[in-house]
């Protein structure tokens, strides 16, 4: 399971947790402007925005879990089990395989407005990358420094939502996650008011009681509420990157708190926090709280070759 | 398990649910003024306030579950498992067996002030009524038309509390039940305010959302919160007795919703609602929602003989 | 706001609360087989199943809030603010005004299977009954003695759902209400198990703790969960009608617990419980807990004239 | 507000968050064996166990917030507003000022057994350190590598509790915090079971749903439940210190999520994690997630001089 947050303060930071029971061998990947992007059902793109993100390379192809392009537009795919529906080829649309969606958007769009327009023309198809890699059910958050949107491919087709919370987790669909927030409307960082009636002399026995009711478990609906509450209330003007990492840390399943059906322990494999203006990908990994980083602009972005940075090289 | 509520409106009504897996063969009992009250460890009382209530008669002795005297002072014993502690005889106090406490108070006190003073001098002893009837762990609510108090006999001794909620259920001790209300401080009958932060446009999709968080199960802590919330907010000036019955109905475990450790079904054996001024004991029983009643003043209160009214005679 | 429950035990009882801040002057209405049913956009029906239910008569037209036909098929309309969407006339469908839907279904269908087929062909149109009566946003539950379905007219069109909970309240849409039940999966009438970890010696200090987490407020989502839990767990084989009334009573907003935006008090105007086989409409009204009834078969069902029974005549 | 956790795995780590709206200028303090410990109402101790911890030095006196001695016994004081009661001098007891309690225990005791015996003889007096420093209301957790106890000075006197949770936060008293855990008994890291009844086909739409109901806010009662759940379920055998820091991080109020009555922002000033065997005090501070450390054994423990290590020197 995963959590993504776009933090729009003085600067813009985009981050996510990838929570799973094992690593995928993912690396930091820089795709420079002239790396040819081949798509299964539509024309290749030979010149495009460069991007940096986390993912794996298979057969020379960058499969991003999340990425940010040189315009600062950022995108992350998050598990969407039980709801993601990938369709048959439809000649009325640009047909994209799920693993192509991040590349398609970040190679061409400078902001969420452009992404919205582009995504209005696509269909996400049930095209597998290979026999080894069946499609993962995903939905996506796309953020620039001002706004966020969500892309879901449901049975009834593509859905694009404005996302005023700037956060995304997993199932259920975004519409339900957003609706669920209504139930938490009165939560606040401030001390609660006594409205119980009967003139009972109730006391605020602890700080923080204004947020009583905030869910603390690591299910996707609870993480959505908590992430939205943090995103809406937290401030650290001196260190916004640290704040984003702190939020992600709270939303990260502690080892042993989430056990899968087959007895495995889910943990946060990595947490990322991208300085979208500077193109620096900061990250921590399970077992290593120290922040590492890779900077896009230290690489030759006019190149036509992928650059990869594995964890081992970095710490 | 049980719930008691004292409703102080234009008139004073005192009521309770007795929730259990079976009836005890309880009846409405009227104890007239000259019925001799014998106590195990203190002097008998031959002339006293008359009272009406529900209970059983054993060896000619009235064992009240709840009762109201001719001054309107009302009292109910409620199960208090795991916390009630009955003590050894202590010559410094008036020693009372648990089954004598209601008689001791209602025979002598006209209001909660008098009851508080009297109870400051007692110790509740572990004296059994008989071999057949071991002592039930109990605590008590005592109410007049203005105020309510709670009596608990804990390991550390007698505790007497003012009870501004005017309700009582079961374990844990009253102090914890009252403390727990602090967690429900912001609940209200009014629509909730959006304090979530982030300028999210959250909606009130239903009436009643201001009380989101009110517990709906039938455990004693949840019933205490719900009873206190109802008591603090409900009004029905035209029919206060009906309102009290309605509250008790909401707090009554629906058959099948509370199963005991040994697989039995707990239900509300009876619900009572006493017009404390008129001395009328209204009640419903499991399987009979129609309200029946017995009036104290239709009986000769100068008598020295108990009057009993069984359910069968009444409906 | 409203709650409807279909109870399928030895017999079939269908009931509902109508919760509002005032009565509509509703009456029990019997529509006999030959009362001509006129529809705005489709042909009149002159011979049909008879039905009994609660509603108002305007210009000689029966506007049912809920009803049961002589085959036992039952249907109730419940407020569905913010989601009900009534459409323009569509020649591909049978166009029905919202106030015609109950008549259309109950006049023709003997069970939910037939209703599902019929409803697959309709569109609900934004046709007003009159200038005085704008359309109420509604959705509907339809139940026979075995199964229940839900009908919603959303922006994207007619939705028909199987309803294994056999209950319905108000907004949000049924799909969300059903999804929300997943969050209450572990609730049970049985004592809870200690799974907290760490070998902590936690105690079950009260009966009923297995259902801790059940919401107790009167918002539509909380009532849906509570109604579904009661429907799934409650049993009273001796008196199923009483059980249904008891459930509805728990779900009925106590006066003062739900205050509207403009300061009005929502209460349960009436609660109904129909013996669908015998065609007897049992009901209680606000301020009158005593059950009244009207029997369809005591009326001449071959008549062509509406029969109405006002509250005043009945108690 | 604060959170303390004792983690007993292969090794023993003891840690705490100190949450407040500002720093106190606290430093890491090493008190060597021959630093004379002067007590207000009892004899001075000139030779004792050495200890390391966090606190401030005033007039040459070490005022520890938390500390660990060379036997590995660890102790932390946590805010206990509204309940801590400091008494008059009582000649039957060893009278200790609140700020002397940690020194008294850690200077003499090697484990919790010894601490329990010692604490049975004390009374905590309302002796102020100075005019500038009024007493802070505190309670204490004391842990060795096997067990934890809690010390509270209440109105009715000293209370010493075994603490099988190995965690402590703030008010209410420990007995209530522990009791409250009963309400969370069924929570688990494993997927939930469907016990809802009615054979409803409910789904586990997310991992982590077995802990639904775990509170996520930063009030003291919610932190207690969350800390106890984490302590009871989390494991990271490869890096137990990291696990303890991760738990503390989750329990640390994010900046902006807890606002005080006078509008200040509560944050975690520092988090500590002591390797109690090696006498190494690891810590992070607000704004500095990188772990720093001070080792007791790198200092001359036979000295008679306090050693202090300020934050600035360390990073």
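Chains: A, B, C and D, in written order; residue numbering restarts at 1 for each.
The definition used in the following text is that a residue touches a chain if its C-beta (ideal position, glycine included) is under 8 Å from a C-beta of that chain, and two chains touch if they have at least 3 such contacts.
None of the values given here were measured: they were computed from a predicted structure.
Participant: What's the chain with its C-alpha centre farthest out from chain D?
Facilitator: The chain lying farthest from chain D is C.
Participant: Look at both sides of the chain A and chain B contact and report whether the same residue positions are involved, with over half shared, or different ones.
Facilitator: Same residues, largely: of all residue numbers at this interface, over half are found in both copies.
Participant: Based only on mean CA positions, could you tell me how far chain A sits from chain D in angstrom?
Facilitator: Centre separation, chain A to chain D: 36 Å.
Participant: Approximately how many whole Å separate the CA-defined centres of chain A and chain C?
Facilitator: Whole-Å distance between the two chain centres: 42.
Participant: Centroid from C-alpha atoms only, then distance chain A to chain B, rounded to Å. What do you get?
Facilitator: Taking the mean C-alpha position of each chain, the two centres sit 55 Å apart.
Participant: At which residue positions does chain B touch at least two other chains?
Facilitator: Correct list: 172, 179, 183, 187, 189-190, 203, 205, 209-210, 212-213, 221, 229, 233.
Participant: In the complex of these two chains, what residues of chain C are touching chain D?
Facilitator: By the definition above, chain C touches chain D via 164-165, 179, 181-190, 192-205, 209-210, 212-213, 228-229, 231-233.
Participant: Mind listing the chain D positions that touch chain A in their complex?
Facilitator: That would be residues 1, 81-82, 170-172, 187, 189-191, 203, 205-222, 225-226, 229-230, 233-236, 238-239, 242-243, 245-247, 249-250, 252-261, 265-266, 287, 289-291 of chain D.
Participant: What does chain B use to touch chain D in their complex?
Facilitator: Interface residues on the chain B side: 156, 172, 176, 179, 183, 221.
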